[in-house]
Every structure is written in C-alpha cells, then in structure tokens.
Amino acid sequence: MHGDLLKQILNSVREGSTSVDEAMSRLEHLPFEALDFANVDHHRAMRCGFPEVIFCPGKTAPQVATIFSRLAAAGGNVLATRATAEQYAAVRAGHGSAEFFESARCITLRQTPAKPSTGVIALVTGGTSDMPVIEEARVTCEIMDQRTQKFYDVGVAGIHRLLSQSRELRAARVVIVAAGMEGALASVVGGLVDAPVIAVPTSIGYGAHFQGLAPLLTMLNSCATGVAVVNIDNGFGAGFLASRINRLAEGASG
Amino acid sequence: MHGDLLKQILNSVREGSTSVDEAMSRLEHLPFEALDFANVDHHRAMRCGFPEVIFCPGKTAPQVATIFSRLAAAGGNVLATRATAEQYAAVRAGHGSAEFFESARCITLRQTPAKPSTGVIALVTGGTSDMPVIEEARVTCEIMDQRTQKFYDVGVAGIHRLLSQSRELRAARVVIVAAGMEGALASVVGGLVDAPVIAVPTSIGYGAHFQGLAPLLTMLNSCATGVAVVNIDNGFGAGFLASRINRLAEGASG
Amino acid sequence: MHGDLLKQILNSVREGSTSVDEAMSRLEHLPFEALDFANVDHHRAMRCGFPEVIFCPGKTAPQVATIFSRLAAAGGNVLATRATAEQYAAVRAGHGSAEFFESARCITLRQTPAKPSTGVIALVTGGTSDMPVIEEARVTCEIMDQRTQKFYDVGVAGIHRLLSQSRELRAARVVIVAAGMEGALASVVGGLVDAPVIAVPTSIGYGAHFQGLAPLLTMLNSCATGVAVVNIDNGFGAGFLASRINRLAEGASG
Amino acid sequence: MHGDLLKQILNSVREGSTSVDEAMSRLEHLPFEALDFANVDHHRAMRCGFPEVIFCPGKTAPQVATIFSRLAAAGGNVLATRATAEQYAAVRAGHGSAEFFESARCITLRQTPAKPSTGVIALVTGGTSDMPVIEEARVTCEIMDQRTQKFYDVGVAGIHRLLSQSRELRAARVVIVAAGMEGALASVVGGLVDAPVIAVPTSIGYGAHFQGLAPLLTMLNSCATGVAVVNIDNGFGAGFLASRINRLAEGASG
Amino acid sequence: MHGDLLKQILNSVREGSTSVDEAMSRLEHLPFEALDFANVDHHRAMRCGFPEVIFCPGKTAPQVATIFSRLAAAGGNVLATRATAEQYAAVRAGHGSAEFFESARCITLRQTPAKPSTGVIALVTGGTSDMPVIEEARVTCEIMDQRTQKFYDVGVAGIHRLLSQSRELRAARVVIVAAGMEGALASVVGGLVDAPVIAVPTSIGYGAHFQGLAPLLTMLNSCATGVAVVNIDNGFGAGFLASRINRLAEGASG
Amino acid sequence: MHGDLLKQILNSVREGSTSVDEAMSRLEHLPFEALDFANVDHHRAMRCGFPEVIFCPGKTAPQVATIFSRLAAAGGNVLATRATAEQYAAVRAGHGSAEFFESARCITLRQTPAKPSTGVIALVTGGTSDMPVIEEARVTCEIMDQRTQKFYDVGVAGIHRLLSQSRELRAARVVIVAAGMEGALASVVGGLVDAPVIAVPTSIGYGAHFQGLAPLLTMLNSCATGVAVVNIDNGFGAGFLASRINRLAEGASG
Amino acid sequence: MHGDLLKQILNSVREGSTSVDEAMSRLEHLPFEALDFANVDHHRAMRCGFPEVIFCPGKTAPQVATIFSRLAAAGGNVLATRATAEQYAAVRAGHGSAEFFESARCITLRQTPAKPSTGVIALVTGGTSDMPVIEEARVTCEIMDQRTQKFYDVGVAGIHRLLSQSRELRAARVVIVAAGMEGALASVVGGLVDAPVIAVPTSIGYGAHFQGLAPLLTMLNSCATGVAVVNIDNGFGAGFLASRINRLAEGASG
Amino acid sequence: MHGDLLKQILNSVREGSTSVDEAMSRLEHLPFEALDFANVDHHRAMRCGFPEVIFCPGKTAPQVATIFSRLAAAGGNVLATRATAEQYAAVRAGHGSAEFFESARCITLRQTPAKPSTGVIALVTGGTSDMPVIEEARVTCEIMDQRTQKFYDVGVAGIHRLLSQSRELRAARVVIVAAGMEGALASVVGGLVDAPVIAVPTSIGYGAHFQGLAPLLTMLNSCATGVAVVNIDNGFGAGFLASRINRLAEGASG
C-alpha cells in the first residue's frame, strides 16, 4: 500500500508531473513504515506458523472473539492465551475448529498444515501444580510447528526421576524448565544439558515464595551456564522464544 | 550463691530467728534466678564441650582478649567467631595455645580433651567462595567435639560431583549445606539424604543475588523435606545446631 | 570411556579373569552409583512411620483421593496436608478409617501400629491464631510416631506463662516454636532450652507484618543459638524435621 | 475578605469604637494565628532544658562549630548528635566546657543548672554493640534533665538477666529499649512493664537483618501493648520523646 | 513578642500615629499571613475550570452524592474519580446532567461553558488494558478545558506505530504517557518530543510486575530528559498536572 | 494461691516437719510466678480502667462471646477490636449493655464508672477514609477513661485547615495522628506541638503506597522530634499508648 | 546530508538515469532518519539555551574533557553533571571560562548571551544537606536561561519558616522541591501553590530511609494535586523539566 | 535390588547366557546412567571452542594462575572473567600469549584455531557506561568462535540512532542487549528483530535504580516477544547462551 504510494510518487516525478521539491516534501510526510517498516509486519503476517497472539485478561468474551476473527482472516494460525471457558465459547461460535486447552488456558486455531520440526523442545517441570504454565509453553510451541517432549514432575527433591531421563533430555535442541517452589530445577537441568535453557519461574508456593519471586531469583542467579529467564508464569514467552531458537537450528530462518 | 542465701533464710526460719512473714518478704525480693534459673547457667558452664562464644565484630582487640580470658578461666573450650588477625594477636598474647583459623575467621582454645563423636556431620558446599562460611561451621563443630566430613565444591551445575559421593553423604548423621549463588544445592542434598539438613545461604553472588537474599529464599522454599535454614553466612549457627542434634543422637544429652 | 571400561569389565567377567564380586565392587565405584540410587526410594517406602505426604492445594478432591489410595496401597501411613473438608470426604469414601484434623487441615491414615517415641517434641505457640500451623506440625509428628507436648498460648507479651512451664519445656528433646506477630517467642524459647529449636513464622499479623515476613526475619536473626527456621506457615516441614531429629536421638535411625 | 475584616477592625480601633484589647482578642481568632506562631519558637528557646539540637553528618567541623556557637548564644543547653572527634575539637575551641561522649557520638554544652527529674527513664539494651544508640538516648535524656537508669546487656537469649532486674525496671516511668539482631527485647520488656516503651531498632546484625529492617519489623509488630517505635538507630529521637513524656508526668508541662 | 508588636501597632492606630493602610501593610508582613491565606481557597473556588474533585473509593453512594451536590453548589465544574455505576446513579438523581465515563470510572458535571485550550495535551498509551488510566487523565483534562489528542495502543513492541505518528505527537504542548508491562514507552516518547512528559505507570502486568512497581521504576530511571512520574494508575494526577502546565503556556495563569 | 503454698512450706519448716533441704527442693519446683510474677497479673486485673482486650480476627463469633464473658466476669471494662457485626450479636446475647462502634469495629463493655481524664488526647486524621483507624484509637482511649478531641480531615494538602486549629491542638497532652496516602501529616503536626505524638500509618492509598508502607516510612523518617510510630492501621495500639502516657501525666500511675 | 542524497535520487529519476524500481530499492536502504528524524537533532543542536549534557560518573577526566570540547564546538552552552574537581581541572585546561559549582558538582560553559526568563522557578529545600541536589537543579535552570529563587532550609518540622514565605512562593511559575528525610515538604508545598511542582526525593537520611526510598514513596503518594516526581537525587532532571515548562509559559517554544 | 540385578546380569555374563553387548544394553537402561554421565564431562572438555571458564572474584592472583594453567593443559581455549590486572599478570607469567581485555575484565587464552561462525551475534548497548558488561559478552562470544557486530550507544532516548541501523540489526542471528538506567532498550530491540534476544540488565544508574533492579524488572516484563533475561551485569552468561544458540543454527551441535 505504501509501496504503491511511493511508486506513484516516483512515477509522477519521472513523468514530470511532480517536481523534485514537491516529491521530497511529500516523501517527508509519509509515515516511517512506508519505506521499510511495514514490510516487517507484512513479512511477519506472511510467515505461516508464527501465530498472531491475543492476551485475553481484561478483555470481554466478545472482544476476544472479534480480535480472534480479525486475526484468523489473515490465514495464519491464531493463539489466545490466559483464556477462559467463556471466552472460548465466544470464539468457537465463529470458528468451530478452534480448540481450547483448559489446563493451558489457551485457544488455538490451526489454519496451516502442521510441519513438525525435526529437533525437539523439552518441556521440564517440577510438580503437577506447574502444569498450567508448562502447558501454555507446550501449546505455544506446537501451534508454531515445534515438536515437544514432556518431562513432567521431575522435581529436585527426588532427583533420580530427572536423572533417569537425562539421556532423552540431552537429546533436546532447546529446553524449557518451569518450576515453582524454590526453582532449583533450572540449575540442575542447566548442569545436565548443552542446549539453551529457558527458565520460567512459577507462582506456585507460599510464604517466603512471594508469588514467584523466590524461583525468579533462583533462576537469575543460576550457577549453570546457558540459562536465561522469562517472567513469572510466562509459559507463552518461553514457548515462543524456544520456538524461535529451534527454527534457527532448523534452517528455517536467518 | 543464691542457693546459700536460700538455705540461710530457711535455716533462720527453722531456728526461729526469722518469722515466716519476714522470710516470705525476703524471698519475694530474691531475683528470679535464685531458685532455678541460675542453675541453668551453671549447668551450661559445667557441660564441657559446649564452648562459650564471642562474636568479635565491633569489639576492639583488647576487648576480645579480655573477654576471651574471662571465659577461658572457666576451664571450658572457647570460640571466637568473625575474628581478625589483629584480634587473634591480642588473644594469643595471653593464651599461647589459642589457634587461629584464617579462612573460618575463628579463634579457638581447647582446654578439655577431645572426644570426637561417633556420628559424622557432613559439610557440603557449592563453591570455593563459600569456604569462609562452611569453615566457620567446621571449626564450631570440632570445638564441640563433633567429627566432620568435607564435601566441598560439589555445586549443582556439575551435579555428578555431588552424586558420586552420595553414598558417603548419606552416611552422615547431620548435614550442613552452605551455598551462595542460587542456593539450589540445599534442595538437591535434601532430596538425597535422610539426615536433618541445616542450610546456610551465603552472601556470595552478584546482581539479583541481593547479598544472600536469593539463596535464602531458595532454601526456605525448598521442596525437599527435612531442611531448615539459618541466617545468611551464619556458619557458626549451623555448626552449633548440627552439633546439638548429633549430641542428641550420641546420647550425650537429654 | 565408561562404556569401554564397562565392556572391559564385562568381558573379563565373561572370560573369568574377574569374579562377579570383584566386578560388582569395581562397578560400585563407578561414578553416579547406578546400583544404589533406586534403593533409596525403596528404603524410604519400607521404613514404616515415615509417611508419604500429599500437598493438597491445587488438586481436585478426586485427584487427592486417587493419590491417597495409591500411597495407602504401599501399606505405610499416609498424610495429606492443607486439605479441605471436601477433599477429606473424597478420601474417606475409599478409606473409612482416615481421620480429618480440621484445625490442622490434615488427613491421616494410620496403617502401622503406633510406637510412640520416648523423647518428647515440644510444640510451643504464641497465640490461638497460630493454631493451624502448630497443629499441622503436631499431626505430622504424631503420624511419624513422635510423642508431643503442647505449650500453646505462651506468647512473650505475658512471659510468665512461658516461664512457669520452663522446666517441662526444658525436658523436651526437640522444640517447635510457631509464632506470628513479631515472632519473638523463638528467641526467648531458644534462650531457655538446650534442645534444637525449629522456628516456624506464621502469617498471622497485619500491616508491617507483610504476611509473615516480620517473624521470618526475626527468627533468622535470632540471637539465641540452636535455632533454625522453616518457611512461613510450614508446620509440616517443622514437624517432619523435628521427627527426624528425635528419631536420631531414639537410635531408630543411622 | 480577611483584608476587609482586618481593615474594618483597624478602622474601628482608630475610631475608638473597638478597644485595643478587644481588637487583639478578635485578631487572635483570625485563622492561621498570625500573632501567635512565632511565639512558639521563642517559647521553645526559652524553656530551659529543651536543648537545641544539631545533626552533624554532612557538615564540616567549622560549620558545626559555627552553628553550635549561635545556638549557645541563646543561653540554653546545646546538643550535637552523630558528631566526630574532629567536629568536637572545633566546637571545644570556642566552648571549653563542651563535653564529648565518644560512644554516644554526642557533644553537649550545659548552660543551665541541672534539675534531675524525680521519675526515672530506663535504658534497656540487648548487647554491647547497641551501645552507641542507647548512649545517644542517654545523653539526650540527661541534657534534658532526666534521670536515667541503665539496664544494659540484658538480651533475650539469656532472659534471666532481664528478669532478675524486672522489679527495678517496673519502677521506671518511661522505658527505652534499643535492640539489634532480631529486636525481640522490646516485646519482652513491653510484657513486663506498665510504662510507655519507646523501641529503637539498631542496625547491628548481618545477613537477613538488612541493616535494621528485621528489628524494625519486629518492634512494629510487637504483640505487647504500649510500645511505639522510632527510626533505626535513632537514639536521640527515643531520648527526646521519653523526656517529653516524663516531663508531662513531672507536671513540668501541660 | 508578636502580641506586643500587635498591641503596639493597634495602639498607634488608635492614637492616630499610624494610618490604617500603613498598619495593614505592616500586619501583612507579619509571619504566617493571617490575612491572605483563606483567600487562597476562595481564589481556588472562584477560578472556573479547575474542578473540585472527589476520590470515591471508600465512600458510600449517598456520601458521594452529598459531597457532589455541595461542590456543585459552588457553581464550578465537578469531577469524581474511581466512581462506580452505583455511585453515579446516586449522583444523577440530583444532577441530571452529570455524565458517567465508564472506562475512565469518572463522573463529571459541567457548569461552566467549555473554552478549549489552543495547545493540545497528547495522551499516549501502550495497550488497550491501560485504557482506564489514560481515560481518567483525558476526562480530567477535558473538564479542565484542555484539548486532548489520543495516541492509543502505540506500545514499543511495535515501535513503528508510534513513529508513524511522531510528527503529530511532537506538536503537542504536554504529553501524558500511561504504560503498564515494562513501561518503556515513556522513555521512547521522551526521546521523541520536546514537550514536558508526565509518565503514569499502570498496574497492568503480572509476575515480576509487582502491581506497577516495574513500570514505576522504569519511568523514574528514564534516560530521556524532561520526564516526571506520578503514582501508579494515577491518571487523574497526570491530567491535572498536564492541564496546569498547559494553562501556564496559554497565559491563563501566572 | 502460690503465696499460700509458700507460707505453708515455710510454716512446716518452722515447725520442723519439713527439713531445710526438702524445703529447698520443693521451692525449686515452684513455678516462677509464685513469688512475684503472678502479682503482676493480679495487679493488672485489679486496676480498673485498663481493659482486657480481645483481638477478634480469626475467632468465631461464639469464641469471641465466650472470651468476652470470661473477661467481663473480672469486673473491669472489656474491649474487643476488629469485631464484626456477627461477633457483636453473639456478645450482646450475654451482655445487653455491650456497645458496638461500627466505624471503629470495636465492642466495649463498661463496668466501672467513667472518670474522664483532665488532660485531652488529640485525635488527628488526614481524610475521611482513615476514620476506622482513628475511631479505633478513640474508642480505646475512652474505655480507658481518657478525654479526647477530634481533629478530623485536616490533611496537609490544605494545610490551613490544620493551622486554623493549631491553638486547640497545642493544648492537648498527647496527640495521635492517623494518616494514609503519604502520611506527611505526622511531620507537620510534630512540628506544631510539644506533646508526644503517636503516629499511625494507615493502609489507605493505592499504587506505590504498598498497603501502608509509604506512610510508615514517612513517619519513621519524620524530621520532627517527639514522634513515635505504631504498626499500620494499629489504632488500638496508639490509643492504648496515648492513654498510658496521659495517665502518667494525671498522676494516676507510677 | 540525507536530504542531499534524496534530492540526488529524485533528480536522477526525473532525468531518467535511474528507473523507478531502482529508486525504490535505493530509498528502502536509506536510514530512517533521512527524511525526518535527523532534523530533530539538528533542531536540537541549533536551539541555543538547551545545553548538551554530560553525565560524568564512570568517565575518566580526559574522557570528560574530550566530550566537553566536542559539544562546546557546536557553539551552545555545555553542562556536565556529577563532576569531580579532577574532571573540572581537565575541562578547564581546554576551556578557561568553564565554571565549576562545587556544591552542585556541575561544570558549565556559557557560550550564548544570557536571556533570563520573566517567570521564576522556585527552588525549595528542607535542609542544608539537600543542598547538592537543589544546587544541581539551580545550575541546570540557570544554564538554560531560567530565573530562579531560593527557598532553602524550610522543612516541615518548623512549618512557619515555609509559611512566612508563601506569598513569594506562590508567585513562582514552576516549583522544584528537593527533600530527604520523610519528604513531606513536597505535599505541603503542593497544597500551598498553584504552580506545577517537580518533587525530587534525596538520599539524605538513615535507617528506614533506605537511601531515598522513603521520600520517593512519600512524594509519589502525595495527596496534593499537581505534583510529579523524578528519580532520587535527580536535581538535573527536575531543573531540566522545570525549564521546559517555564519556556512553554514564556512563549519561547511550541 | 539393583545390586541383585547387577549380580544377576554379571553372573549370566560369566555363565555365557548373556552376551557382553546384551549386558551392556541392559546396564545402560539401569536408572541413573552410571555409564554415561562422566562422558558428558569428557565430551565437554573435548569440544574445542567451548572454553573452560574461571570466575575470578574472591580468588588470589596465584590461585587464578594455577587454575588457569590446569585448564589450559587440557588443550582448549580458556576464559577468565571479572579478572584484575594483577590476576592477569600472574596468568601471563605462565602463558605469554594470554590476552587481557581491560574494559571487559577478561583474560583469554586461545589454543584452537579460530573458526568464526557464519551468522552474527549483535551486541547492542545503550550507553558507554554499559561497556564492561557488553564487552564481557563480546569476549565470551569470540573465544567461542562467534562473529559479533557492535551496536553500541544506541539508547532509546535518541531512538533514531537505533532505527538507522535496524536493517543490520535485523540481519543478526542472535541479539544481546545490555542496558542500565531503565533498560527500555531491550523492549525496543525486541520489537524490531525476529532473532532471539538475550537481555542483560546492568547496574549502571542511581537512586530508584537499586543497582540494576529497575532494568531487570523492565526486561522481565517486556511486552516484546522473544526476549529472555540473565542476571544483572552477567555479560558472560549472555554471551555464552547466545553462542550456544548460534551454534545450533550453524549446525555445529545437536
């Protein structure tokens, strides 16, 4: 669109119907994205597999449904996070094939054929109460065409559960660790694998846990190398970043 | 002394030289400890092996030396923590056999024959920078006649170092874990052993470590059972408590 | 390398140049103790009296019931903490003899004959509002076959209540102190007894109490020796650790 | 409006229809007390015993000396807090009778005859390292003509030291408690006495003490009634307020 | 002293040696401005356009209605912030023309003719969830007769949206930026414009957002010059201050 | 009771039926309070006017009613704080004359004739939302026979409201200041009066107020002398301490 | 420069030596600022009076001198903040007329003729220790050609000092308040004036002051309207923003 | 149990009923991977390019030199972080070709031929004071054979500097953003690129910056997707993780 406008201006310069000074003046008034930036967005919109994402809290069910439909119209996959059953009902009215992942609190709509990645993203979690967070990561990875493998309930209090699966864990390309309580799992996993580790502190705990502050600090101070951290309970952010990294490794980006 | 006073009052009642009312009035003015409490202290002072302890910071070298001598006069062992070389010099002038543990920053004077415990207190630490803290615990344990065993430099980032010694570790009666950085070591050790675990967060770290807050929170939130925590860098407190527990197990206390 | 070493050992066993016992001995010294670890768990499961524990929050009543039954099938005692009446109802449907301790918010199932300990664990608390926490500790101790003695409602604002019972208190083997508000009780008790003191800050308070932060800091900074701290409101953790310590003293462990 | 009113009053004075006394009385009831406020300060300056106070940090020695001389010129007592030896030297050059209290870090100049109060302010402190703070309180009380009594080194870890002096302590009119570490002393004292208790948390401690935050929270959450708190290390503030209260009780104010 | 001075002035007025004007002039220079202060409030009440404001939380609907009516009686505009629909209903019963801005949670009553400012206050916000805060600012500005321009939903994650409007943005006289999440928008806007920027952190976020602490710190530390900050979610405060600044620029004040 | 026991022992010593050694042994087993301490409590219970106090949160209505009746039986006044209407209903069933102060959330029972103090306790508050806290202080003062005077709604944003009442305010013996928002009122009042000031931060505010942390810090750092602070929202504590101080001044205590 | 490039491209299009497609491709590779953005900077550089600013900490004296010279070469005024005497010495070597403001820790170089503003910026501060911060604000204002007026040492503990100058204070166009301790001054000033108030918390204080956190929270929660806050000790930021606002009022900007 | 199983396997090997390969296969499936774990470390040591790393603080110069030599003996590259000039001198004595990067505070020893990666790691930083942190990242990347590109001094306060390089920035495979002050740069960069972004908050700032807490929270709350965070000032951690990710993309790992 802006490209068209630019072309039109240049053509009229070429044809002499617009003077150079006039053209310069008009170009200066073009929004920034006219020349380059909007491409970014187009680029984004066109790269199938990278879904458009809706963060649902604070939106009414009809609002979510409306935004969902608008995004779906672009033809790519759609992901809504932190969604409620009520919001899902509103979405499903317009998109019968939209799926709801209750534990993950996510709605997805797949419109492109799935092309699972070769490499695997490992999903590691300490306890069953971290499930909503790691599941949000999993749903995010999968709508982005990533293969995932679950390593659930392998907390450090019974470290043999984790160690007994270390071979499979080390085969993963990227590892996401979601852990509440003291969050020590990220450090132990970081010491076991060579893959990049995305750590997600969860708000599961009580007392001096301070709604996730404890594992957040644990993970930021990890003595294991190769660990980076996202916000408390941000399973989506971890899944999105892990998917980006794995795509790099698949040669699908550059 | 108070016992004597009490006896004297009772005797004079018996002899009739003091009336019952007069005796009651005098007894009411006796300090509380007269009847029971001071015994506690006597009891304490007489139990050899439980050293009297001096916390050195904020005291001048002569002050430390004076207190040290006064405590030493009671005949038991003496321990001074967070001591400087200068304070040690002042102490040694009066007590040639006093020892200085530079890394632990402790001065000890042994005046009772050593009677090492049967059970062992394991001293576990994540990195060499936690040394001053774990050494303070070790010196405390040893002046209290406890056998100790070192498991130094077994941090979770290379967990096999810890696992390779888990058999010996599990043989300990009490375990002290001193760890800085993210402090995850306490949880991992807590998951490996059945012994009581005393966790000491250390102030070793930077950034979001906040001078020990990070491992403190980690340890308080440990998902491993059987773990309790002392103040940041409080190696003495951990050593003292571990010794008390081991004494219980040795049947030397009650 | 280890693979090679293993092959070499196995070959020499096959060839008879190494005996099975010799091979086992060599294999046992291989790092990471492949042969020993899983035993730990069995060991745990078999030691009657150490119950399996379920942390109920975030689990549905049917989930709690299912896990409870699975654990009960192992034959040992079972403990569920932070349970609701609804969760208890679900458990009782399958286990008629399961008990519910409303104040402690615990469900227990005793399947082994009770063998009360000789030594006593003292349960000290400052006010009636700390009841749920100290009761969680008590139920934990008792399902672990520990004798307990209550010293409830002896807060420092009326210190004579505590002092009048100091003789009995000093007779305990291990002391648990649960206190909210400013948590000073732990220091006072720590100054009165020689036994190990497990301090539990509670979330009872308001304003600058910050949901338990105030007594937590108080207890961590206690000037009394022999005090260690568990998480805010963690009555279970205190009871579990106190039981472990008392077992050591009873010679029931090693 | 007020201008009009004022003009009207002045005119009626001029005209003789309002007497000067009547005018003064009406003016005194005008909002904002134009006529009275500055008196406050004179009033203050003239009430002997209430010293003018200089907070020394961030001032050069000459600056302190200059301000000191200006205040001394008013004829009352002078107090400078947090003073250094160097600042004292500068002050003494002009005021040979000025005294320096090294531990309290205070300079005083007494210019009015001492009239010690009848009632006593008790000064209670947990350990020798809290000395600078409690001494600052003591010097403040004494330059304000208050009698004080020392109860030093009676920390809760050995509570019999405090209890053995409880009779004398209960005889005090006001009690100041300065305590570092966990600050539990304020609660215990608050439970023993009926007098108002001013609690001063001190910055003495380490680790999770956070430079006085721990005893500050302890004291704010005290379960004892009749306790109020001043800023960390604010011995002056406590001494000043205690003196004000005791003066009320002496009938010297009202 | 002032009493004396006052008497002296009054006497000299009475005696005729001082004129009333001279007396008034001298009295005006007496400290504390008895004659002027109350005027301030009248001054305030009379300056139309600066509304009287009611902060509704913690007030019942009838209370809000009563206060609203009392303020309305003064003839100026009235603004009530953080109002509920129920409170609005109570207000509307008495003031049929009062308006309710649901998203902004504001009730307004316009009683003076609108005189929109020449200069514009730009209202910039990062996401739709910051709407209630920026709308509170907008309603505040408008009831104070300020022209506003919306730059909504121009968060930094898609910075071209902001850049494409930078020309209009730079034309504003004052800029209000309301942003939650990480609050980076204030810095970016601060770097684009020369106008004063009032930054409002919002409580929109989760996890390590700590209810607005994250964007608050971001905005306070902004490396852009010309940015000042108001309390979290304080859209009213930002709107009020921006209006004051714009009035200065309009020459309507001074 | 204990006095009787003591007398009996002494008598039997006198009569020779008990030996001195036997007497000493029995005396050592008397609880501490036997000689002196219990008197304290008796003393307390008998001093009419100092009410027994019940902190209601976390107690059921029947529990509150039972404790209330037990305390009332002692004949003194009774105060219950943070009470609900339901708890009041339960209390009133047994004590028809018990009063409920809804805004203060207090129940009182007066059983001693009121003897209002001569001196006055000033109750100062910044805004109407601080009402519950200052009213809790007022009810506490009055059940303790203190005269009070209200200075409500005199916040610093319109400082003339406060200044216009400064004369009356300065006539008070003790001043309680309850303030939320930024809590600056305590400093301003502290600068105006010579009386002791008890400052109560309230939890009224939002955003960077952190539930009362902001005014708490403000008050602790007050540059005005003679100000001490109680916990956030602790109107009772302020009222109790102010009453104690005023009693000292009335000569009713000592 | 970029303008030239753009013109050149357009000319070659006009002349036919560059095709439209080629031109479009080249335009897409132009940096963003080509059309519009760089003007901003030019615009900035040319507006005399808005100085270029150097933040000195972490820079060596030669580095500061070099940057200073580079900025000076542009012909406008130069300001360096948080400068040391050593850094000044290095600057003065190259710029003999550069001035050093020791208390403000600022270096200035004036190269444009001073044109003092008509309106005045009031500089209000509570105590002499806040001097470096308010002086940094003053130097900033003055190098930006703003007239300033000092209201120093008018803290709220003696509020009459402030009130006695309220007439002059209310005449200012913008007010900067720098205050440490509890920072209440900002609220009191905010309640007195109609001008925009920029509040600067300072790090002057101790204990629960937390290096400026206390007055920062106070100022953010101010119940006075029209107050905004900059970072702790950020005198420069306050001065810069105040100058911007005053310029708006002077009609010098748009 | 495992002991039995092991014995059984060995016996069957000895007896020939199980082949060595079959035995190995079975042993490999034993829990805890005795046979595999140590390989990990060898694997690590042998992969040239992944350097062994020494964290220097708290180590003496000779200690650093000794550890450096031991690591160098393994033949790979060596990296020492947070090193001082004195520590470097000690290292260089033994390794003449060791290099010191003063700004980055790193010592490196390259022993393998450099094989620069194809893809580029972008190093973005807001100001010159963040240099030590971003340089630590750069040195880490380069000793790990990664190509890097500098985007220094492109802070958001002058966002055109960043935008003018966005094309190059978007060409990078991985992006590291180090920023102090408010840390908004990470969000802006995250909104511009598709590559994974590793954000490093730095401790550069003052006041409400709290030594890096402000940008840490900013980065954790970033509204841009694809951003993860490491500890404050942890340039090494960011460089290490970025290198791991880029290696994945280069197909050099798996």
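Labels A, B, C, D, E, F, G and H are assigned to the chains in the order they are written; within every chain, residues are numbered from 1.
To be clear about the criterion, a residue touches a chain if its C-beta (ideal position, glycine included) is under 8 Å from a C-beta of that chain, and two chains touch if they have at least 3 such contacts.
Keep in mind that what you see is a predicted model, and the values were worked out from it rather than measured.
Asker: In terms of touching chains, how many steps apart are chain A and chain D, taking the shortest path?
Answerer: 2
Asker: Moving only to chains each one touches, count the minimum steps from chain A until you reach chain F.
Answerer: Minimal hop count between chain A and chain F: 2.
Asker: In this assembly, which chains make contact with chain B and also with chain F?
Answerer: Expected: C, D.
Asker: For the two copies chain G and chain A, is the contact made of the same residues on each side, with over half of the numbers shared, or of different residues?
Answerer: Comparing the two copies, chain A and chain G contact each other through largely the same residue numbers, since over half are shared.
Asker: Go through E-H and D-E and name the pair with more C-beta contacts between its chains.
Answerer: When the contacts at E-H and D-E are counted, E-H has more.
Asker: Roughly how many whole angstrom separate the Cα centroids of chain B and chain G?
Answerer: Computed value for the inter-centroid distance: 56 Å.
Asker: Using mean C-alpha positions as chain centres, tell me how far chain A is from chain C in Å, no decimals.
Answerer: It comes to 40 Å between the two C-alpha centres.
Asker: How far is the middle of chain D from the middle of chain F, if each middle is the mean of its Cα atoms, in Å?
Answerer: Distance between chain centres: 23 Å.
Asker: Touching at least two other chains at once: which residues of chain A meet that condition?
Answerer: Residues 32, 36, 40, 158, 160, 163, 192, 207-209, 213, 216, 220-221, 225, 231-232 of chain A each touch two or more of the other chains.
Asker: Using the contact rule from the top, write out all pairs of chains that touch.
Answerer: A-B, A-C, A-E, A-G, A-H, B-C, B-D, B-F, B-H, C-D, C-F, C-H, D-E, D-F, D-G, E-F, E-G, E-H, F-G, G-H
Asker: Which bits of chain H are touching chain E when the two form their complex?
Answerer: Contacts found on chain H: 126-127, 155-159, 163, 181-184, 187-188, 190-192, 205, 207-210, 213-215, 217-225.
Asker: List the residues on chain C that touch chain F in their complex, please.
Answerer: Those residues of chain C that touch chain F are 128-129, 158, 160, 163-167, 204, 206-209.
Asker: If we count contacts the way the header does, which residues on chain B are in touch with chain F in the complex?
Answerer: 3, 6-7, 10-11, 13-14, 16, 20, 23-24, 27-28, 30, 32, 35-36
Asker: Could you list, by residue number, the parts of chain D that touch chain G in their complex?
Answerer: Result: residues 32, 37-38, 40-41, 57-59, 201, 203, 211-213, 216, 231-234 of chain D touch chain G.
Asker: What residues of chain D sit close enough to touch chain F in their complex?
Answerer: Residues in contact with chain F: 31-33, 36-37, 40, 44, 53, 119, 163, 167, 173-174, 192, 194-196, 198, 216, 220-221, 225-232, 236-238, 240-241, 244-246, 248-249, 251, 253-254.
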